[in-house]
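In the two assemblies presented below, subunit A is common to both, partnered first by subunit B and then by subunit C.
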Partner chain A sequence: MMTNQGNRVTQGQFSFLPDLTDAQITAQIKYALGKDWALSVEYTDDPHPRNTYWEMFGNPMFDLKDPAGILLEVNNCRKTYPNHYIRVIAFSAVRGVESVTMSYIVNRPKKEPGFSLVRQETEGRCIRYTIHSYATDKPEGERY
Partner chain B sequence: MSDTDNITVLPDDMSVDLDAELNASNVQEIFDKLDRELIGLKPVKTRIREIAALLLVDRLRKRFALTSETPTLHMNFTGNPGTGKTTVALRMAEILHRLDYVRTGHLVSVTRDDLVGQYIGHTAPKTKEVIKKAMGGVLFIDEAYYLYKPENERDYGAESIEILLQVMENNRDDLVVILAGYKDRMDKFFHSNPGMRSRIAHHVDFPDYSPEELLHIAKLMLAAQNYRFSPDAEKAFFQYIQLRMKLEHFANARSVRNALDRARLRQANRLFASKNKALKKIDLITLEAEDILASRVFTDGMLDNESEVNIAAQK
Partner chain C sequence: MASETMKEGKERYKSGVIPYKKMGYWEPDYKIKETDVLAMFRMTPQAGVDAEECAAAVAGESSTATWTVVWTDRLTACEMYRAKAYRVDLVPNTGPGTKTEAQYFAYIAYDIDLFEGNSIANLTASIIGNVFGMKAVKALRLEDMRIPVAYLKTFQGPATGVIVERERMDKFGRPLLGATTKPKLGLSGRNYGRVVYEALKGGLDFMKDDENINSQSFMHWRDRFLYCMDAVNKASAATGEVKGHYLNVTAGTMEEMYARAEFAKSLGSIIIMIDLVIGYSAIQSMAIWARKNDMILHLHRAGNSTYSRQKNHGMSFRVICKWMRMAGVDHIHAGTVVGKLEGDPLMIRGYYDTLLDTHTEIQLEKGIFFEQDWASLNKCMPVASGGIHAGQMHQLLTYLGDDVVLQFGGGTIGHPDGIQAGAIANRTALEVMIMARNEGRDIWNEGPQILQEAAKWCGPLKAGLDTWKDVSFNYESTDSPDFVPSTTASV
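After this line comes the complex of A and B, so read on.
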């Protein structure tokens, strides 16, 4: 039974929607900038949902006033890693929050092979379940 | 730059009102402010008006779906120290924002230090970061000729210029670059960077101020700080300006500001010296002739202190 057809990785905001267009990304960035959040671009080729820390593409961008600068970085990253997952995250430095407040995928591989369910038999008849991405069978950088 | 998609195209025989468009943009307000607060600078104001007119007409043309390429508005301000280059650049950002040419209308003011790195591979990210910050607004590069140092071929300034050129060409919609510097040095700079020269459409020369204009500026500066000249002091200051202009390192409005700061010091000192006298508000706001005449420009024909010389030399 497939509940997520096409094996699209659903992480962060908007991930059940069709891919965001550049205009939509710009609008989201504008919203974040309006809240004084610092944006940054990250990429990875390990789609496991527990893979929290992706690679940073350049430094986080503080003190920007206009979305064009961030979209420029997004496009640079797309050019460098056309077949990786790329996300934009917004960091709020407000005291008491001090964490990521927005995160959405802006680029994904053309073909996402999805995950397999791995069953591990342990003591008694106990079974442990885990998921494993087909893509991660290959070494980093050659996955997609 | 503004989204033209949702504006319906007007029929060919329809007429549009340029005045209404002007009013809608509130640009007139800025022009008035410019006239009020910036003394002299005739060629600069004319150029700003021309640019504003072009952008307004462009907006009207868009209503008839007459597309034309977005004009390049990169500018080059040349002029002697203290002629108001930075002030005008700041206003420029505001004007372009009102005319919808730039999106946010902020000004990012940088010099060589902010653009050029210290080791290999440091310059490009540094320059790009500055450019990203300036997007949607105006990037003002003060003393731009320092970017290029012909005597050192391994200087990283050239790398920075290259990136700038690329952005000035490809991201014309995103930011306006304004270069500023002294005339002769900027000419040399453009001579060795022809690509830069051709990408800058507007070369604006800032003339020196006349003594009358400087006096006017001085009065505006004082008014902004809630001071004023007594009639004698005004005459004395006019004389001061004329004498000071003949001395070296004269930096137009900047020298005037420094002279006023020193006059304020002397006024405070004078008020202290007359301790037993009850002071009124008018005493506190008035600069007297003696505050001005105490300057060494009058007595020895010399500059007041070394610090101004140093500042002027740096600038």
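After this line comes the complex of A and C, so read on.
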């Protein structure tokens, strides 16, 4: 079990808050659409802090401007992967940004075992650190 | 017009002393070139010195002039090398009938060939080199500069930049959170790392050395680095987030700074730190090292207030921001508005814009006198540090926006229930405020209520709010903008 606040992976914008309701997710989607950002849904069962590329639940929805439609995609992903981490991501294509502008988790595994820190002692007192996710000891798709 | 103000030929080069205005440094009809470096100074001329002559003297002494006529000018294309003062305005609310002696805004244009590419040292040796000591000016302050695209393109710019820093850290859509380890002096390496671990595990993204933590008898630098990196990685494993600690590599020599930076890299640190006092060239060198080694480079502005705070002397902090973005740092302390350190809200917004814009328009109310195209130079992350706490979150977010590192040092470590609780309070306050703002709530007015609502389910936030509820630093700013919104007089 994780021992930090909330006993959970705290990536994303809102992990210190209670789990988001559909209404709250929709409000954030509206905010992104209001800025002309494209939304995307991604999922993973490897929450390593440097696992950049979560699986895409379809391409970013560049042309979908209806918050209800996007929430539908979020919920489809939740139904398909009920025990995975799922996040909503927003992308800005504006020059000078051209990157991710929002990222918040909307689904989690029921149990989050967290990570171990592997210390490899090297020269002198130096240590090489590896952050290891307990869940990834099992094959993809069988982790949570 | 130029011929009226300037003598020419044999007459111009007769041995002796002639006014700067007549030496070619005052040219009111000058047509600004796209490639010119522009500077705007606030001048207080000595009694009896004409403002235009004073501006010409500033232009002269910051470019080619000496106090007397030299024939050797005639061996050069001296017309081009002379800086040209082209505009002088009386500063609003100064001069006869006011409480302040007359000050003037003097605009000066410099040809790009006056400067060596990629050298802040060379640029500054001209612009702020000799000129501040000249007797003809009682006081002088560099207010703003326009750096032409052609010259900007010779600089590397921020080693990492805001966008890439966020991508590397996987943190989007909110300010980053940090804190400076306290007490800044005296902790052993082991005790110091404890503070780092607690705060990062609690929910901060960064911890930080202070400006004067280098390698003292109570804690040598290698010990600090080793303990801090254990804390960083342990906190990362405890939260599943990328975390960092700004390891201050400031030292007496470049050799020593490189050695410390290399050690930080070998331990897997994502960020190192330097102080402004190491000097412009040292900063540029560290920025090159940082780009080469995938390192975020944090700059503490130690020393800046000695020359940036007083309104009539030195230089505006926005110019330092400009130079530091060119020099290549990724973070710079740029004010909090509401905290313990100096700062008028609009002036600070001007610093933030200078660090973050891709294109800046003239905005006199923010102290920005020139349009500036940033030529795709990376953005530099402003850092707000000093006397801020969770109870001000709505104000901080409103004034400073999303692209900022909010540093709650005392506001984390001083929490009554411990350092982790302090970090939880700050992070929860931030997330709840971002969510409310994005939902369209009026956080400026509803902020305190939004925080109180969250405090009902977040004990650490409640304790933090109760502890710091009455803390504020309401002093008048020494540095505020002087501008007239229209052609009528300001109040």
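Odds and ends about this structure:
Going forward, the second predicted complex is superposed on the first by the 136 of 144 C-alpha atoms of A that agree within 3 Å, B and C clash if a C-alpha of one lies under 4 Å from a C-alpha of the other, contacts with A are read in each partner's own complex, and residues count from 1 in each chain.
Please note the rule applied: a contact is a pair of C-beta atoms (placed from the backbone, for glycine too) under 8 Å apart; a residue touches a chain by one contact, two chains touch by 3 or more.
It should be emphasised that the depicted structure is a prediction, and the values quoted were computed from it without experimental measurement.
When both complexes are superposed on subunit A, subunit B and subunit C sit side by side without a clash. Subunit A is touched at more residues by one of its partners, and among subunit B and subunit C that partner is C. In the superposed model, A:47 makes contact with subunit C only, not with subunit B. Contacts of A:58 after superposition on the shared chain: subunit B is touched, whereas subunit C is not.
Contacts of A:83 after superposition on the shared chain: neither subunit B nor subunit C is touched. Legend: residue contacts after superposition of the two complexes on their common chain; A:68 is shown touching subunit B, with no touch to subunit C. The superposition places the C-alpha centres of subunit B and subunit C at an angle of 100 degrees about the C-alpha centre of subunit A, rounded in steps of 10. Note on the superposed arrangement: subunit B and subunit C approach each other to a least C-alpha distance of 15 Å.
No residue of subunit A touches both subunit B in one complex and subunit C in the other. The touching residues of subunit A, counted against subunit B in their complex, run 58-59, 61, 63-70, 72-73. By the touch rule above, subunit C contacts subunit A in their complex via residues 163, 166-167, 170, 172-174, 201-203, 226, 229-230, 233-234, 236-242, 266-268, 358, 376, 379, 420, 424, 427-428, 431-432, 434-435, 438-440, 454, 457-458.
Those residues of subunit B that touch subunit A in the complex are listed here as 103-104, 106, 125, 129, 131-133, 135-137, 171, 173-175. Only residues 2-5, 9-11, 13-18, 24, 27-28, 31, 47-50, 52, 89-90, 95-104, 114-117, 125-129, 131-132 of subunit A touch subunit C when the two sit together in their complex.
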